[in-house]
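Look for chain A in each of the two complexes below; its partner is chain B in the first and chain C in the second.
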Partner chain A sequence: MKRLNKYFSIYKTSFKQEKDSIVNYFFRAINFFIIIFIFVQLWSYIYGENGTNQIINNYSLQQMIWYLIFSEMIYFSARTSLITKDISNEIKSGNLSYKINKPYNFYLYEICNFMAKSCFALIFFIPVAILIGFIFVGSIPNFTWLQILPCIISILFSVLINWIIYASVGMISFWTQDATPFGWIVTKLFMLLGLFFPLDFFPTWLQPIIFYSPIYSIFSGPATLVADFSWDLFASIIISQISWSVIIIILGLMIYNLGKKKVVSNGG
Partner chain B sequence: MGVKNNFLLIFKYLKLNLKKEAQYKSSFVLQIIMMILNDLFFILQWIIVFSLTDSIGGYGFREVLVLWGLSAGSYGISHLFFYGAFNIGDFIYNGKLDVFLTQPKNILINVCCSSTSVAAIGDIFYCFIVFAIAGVTWWWYLAAIPIIIIGGIIFAALIVCYQTLAFYVKKGNAFADMVASSITLFSTYPPVIFDIVSKVFLYTIIPCGFMVFVPMQYIFLSFNIWWVLAMVGVAVVLVVLAFLLFKIGLKRYASGNLMGGRI
Partner chain C sequence: MKVIEVKNLSKDFKLKKKYKGKEFWKHLFKKEKIIKKAVNNISFSVEEGEALAFIGPNGAGKSTTIKMLTGILYPTSGEISVLGLNPTKERAKLSRQIGTVFGQKEQLWVHLTAMDNFLFFGAIYDIPKKELLKRISELAEIFEINEFINQPVKSLSLGQRMKCEMVASLLHNPKILFFDEPTIGLDPVAKETLRMLIKKLNKELGITILFTSHDVGDIEEVCKRVIIINDGKIMLDDNMKNLKYHYLNKKIVEVNLIRDISIKEKEGIKILKAKNSMYKLEVDMNITTMEQLLGLFKADDLQDISISTTPLEDVIKSIYRRGKNEKTE
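Up next is the complex of A and B:
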């Protein structure tokens, strides 16, 4: 337990630091609003052409917009490009040599540091997301207060999986000098297969691939849970999220342990 | 003569910046290739959207691709030549403008051209790749060159205007960052989906309408010389405004006594 205390301290410090960025959060909230506004315009147009009461791939316009609001909210709270860039810069600039001899694991340090930022962001963005949703499409169909806690748990896991994946991608810098471009590709893959569209919008052959991938645990799962809640769905998503968290952390630690052997320090 | 010298200076800076970035060879090439791949992913997004509907207010898959090409091209030009413009707020906040103040050339040009984004080369390539995928006629490729240059100038000049807020407000550049991100977002969706209030915004406060929608609508889909002239006019006005606002703002700049140099 004592070994975990240092990571909790890193988390606490980072969380406190994030409070200084509150002004930036307001600007990001405006940005978030703009993105949702564009989505609402686009999907209203698509649904409008077929009649606003249409159901497309099991989703009504209202459910579709709530799905997009929450998947986008997860993306906004995670800001995952930061961790890949940060790790890449540490490796590229050589600063890493100052950190690998500290009494913590650099990979876990980065995850705790950025997870704290995300938790702060979630406290800010969840109410903003709900407010924006109410403004654009009204309440979530069939949503009750009992469903809030499971949805939050699932969102927290999705953010955690985001960070551990992107931290692992950042470690590619040990071999390629810069991992940021790999981060872009992962982001686009996640956006396309999870953020922009629910699972039902993809061809039937692709749906099981997405369902068993981490993308479902990050975007499609939690956002579907908000848009169309059921306890069975919650159980399947949480099992998938816990499994992916464990698998990716183990993989990330393996990559880090392999990569750090390539670091050459020259004192000074 | 002054204008010609400044153009030469801009290209000289680009050459030096690219040389600097090319130090990390694999990273240099990787950034370009990955940016092209990154942009290509959005084509799949539109394939899914157009599987649900044939067209969005007259914009089919082909038209959306061209819109994307113009947007990416303009973004690429602004980030390749004037990447420093996107960091003016940071320079002001951290007292890093001192280094530029002592140099004999125009300060704003110096600041805007002080760095480059290698990935932006990928965006420029992407513009022509999507034109090829869309199967456009040959003159569209030629027309795209001046269009994305003007679009890039509009983008960079507008960002300079908003970045100068940092002279007056602490972290005023956050607003400029938001505008930059909004331009990219709005300019990649067919303009027909936006209502009249949004369109007023897109031709005034965030004038990406002149950057992408005008050339798309009034050069490629139909031709209207007045709209084309308006696009060039907006670019000129924004450049003049950028120089003016920067000059006025600079009077409020307080040196951070930060020792630094440009190598």
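Up next is the complex of A and C:
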């Protein structure tokens, strides 16, 4: 219990500190709105004049926009663009060394720290996402209140998996000068194979590859769950997310344990 | 009782060799590494309750040594025992018994208040809430931080921040405190306050102190023993009294004579400067007596005389230089 208290305290402190940057969130929300606006225009054009009745790859325009809003919302809340750079900088500058001499597991510390920031971001961005969705395409088709909790659980898993992948990529800095180029490659893959398009939009041969990859657990799965909820889908996504969480936590820990011996910190 | 024991400790950093000019293309094919010996085979021990200064110029290896002692860096070779623990293998266990203050690296959450930070560190060290609040109030009293304890850290001055850093590192009642340049960037008043507080921690609470600094004033006031390190090697390991006795035996004598009298150098007396009837002499008191010095001129010729001791800073510089010269030889 004491151990849990410690990590809860890390979570609480990080959450408190994040509250201080609320102004930044308003600017990020504007950015979020502009991106969604562009996509709404794009997809409206693709769906044509009778967009509301048209179905493309099992998705109506409304569902497509809700998919995009939530996949983008996950991208924004997970602070994707910053994770690899932050971890890489911590390693390169030697800052990491000052954090590891405390009685906690550094890896768990970083997970709590990040989850607090992401939870704060989710509390901010979920209402923003819902509001933007309502403005552009109205309510989510066939949505019921019972879907809220499973969708939130799935989104939480998605930001966690996203962090571990990007943090692991950042840890390449233990061996290379800079890990950010590797982060860009991952981001481009995630964008093309999950962030912008649902699974059904890809060729049949590619769909199982994406389905069994973490991209589905991070973007396609949770965003599809919001746009087109079913309990079967929830079960399959959550199984995939739990499996990926376990696999990559172990992988991330292995990378960290191998890399930490290489910590270099400048002297005085 | 020895609380720190270091035997033949070394730390190498591997650096990539830089190719310049026409050899630039070699970067693509060659991955030659240069080994920089940051710490080179040093041994020392520290007794419980001791206040030890670890000094040296930039890149001497003092911070690297502290980082190895606290488990932050892995040594390349050698043995370290801190409070009977191996910092490399038992870092988490050791962290509960030691405190660290790095002058160039803050550990506090800057957007939060000092109090929030203390509560956070208390939780990290698993201190029960009641006990923690009592400890915070005791330390707040000693460090006189009550006035700004509820202010966000980012709004505090550097001196106030350092005080809070020290309180944060003392919450779990550490047996050893490692200070890595804690007074860096502080104004003279804040420096003095911090020195007094560190001295108090050592004398009144019996905490063992290991201290690195560039500021000789810090060392003179706080520590009884000093280790001078340069190029990763220990140049001198002695107590402050001995250091002063052996190395501060040279006096600077400035004389102003009424008439233009010539003074000649002798064994133990070196002329540093001579202008008309004014002389600046360096006198080695181990070789020359004051009587011999005053015998250089008649008392009637003397208009003014001042005698001062070589500043400790200069002594340390000469020890650094001595190390450098030995290396080039």
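The rule we apply is simple: the second predicted complex is superposed on the first by the 257 of 268 C-alpha atoms of A that agree within 3 Å, B and C clash if a C-alpha of one lies under 4 Å from a C-alpha of the other, contacts with A are read in each partner's own complex, and residues count from 1 in each chain.
In this section, a residue touches a chain if its C-beta (ideal position, glycine included) is under 8 Å from a C-beta of that chain, and two chains touch if they have at least 3 such contacts.
This is a predicted model, so every value here is computed, not measured.
In the superposed model, A:K261 makes contact with chain C only, not with chain B. Once the two complexes are overlaid on the shared chain, A:D20 sits against chain C while remaining clear of chain B. Looking at the superposed arrangement, the partner reaching more residues of chain A, out of chain B and chain C, is B. Contact with chain B, but none with chain C, is seen for A:F201 once the two complexes are overlaid on the shared chain. In the superposed model, A:Q41 makes contact with chain B only, not with chain C. Of the two partner chains placed by the overlay, only chain C lies in contact with A:K102; chain B stays clear of it.
By the document's definition of touching, neither partner reaches A:R79: not chain B, not chain C. In the superposed model, A:K188 makes contact with chain B only, not with chain C. In the superposition on chain A, none of the residues of chain A is touched both by chain B in one structure and by chain C in the other. Chain B makes touch with chain A in their complex at residues 24, 26-27, 30-31, 33-35, 37-38, 41-42, 44-45, 48-49, 52-53, 56-57, 119, 171, 174-175, 177-178, 181-182, 185-186, 189, 192-195, 198. Residues 23-24, 27-28, 30-31, 34-35, 37-38, 41-42, 45-46, 49-50, 56, 92, 176-178, 180-182, 184-185, 187-189, 191-192, 196-197, 201-202 of chain A touch chain B in their complex. Of all residues in chain A, only 2, 5-6, 9-10, 13, 16-17, 20-21, 95, 97-98, 100-104, 261, 263-268 touch chain C in the complex they form.
Within the complex formed with chain A, the residues of chain C that make contact are 13, 38, 58-64, 67, 70-74, 91-93, 95-96, 100, 102, 104-105, 107, 109, 111-112, 116, 119-120, 123-126, 180-181, 212, 214.
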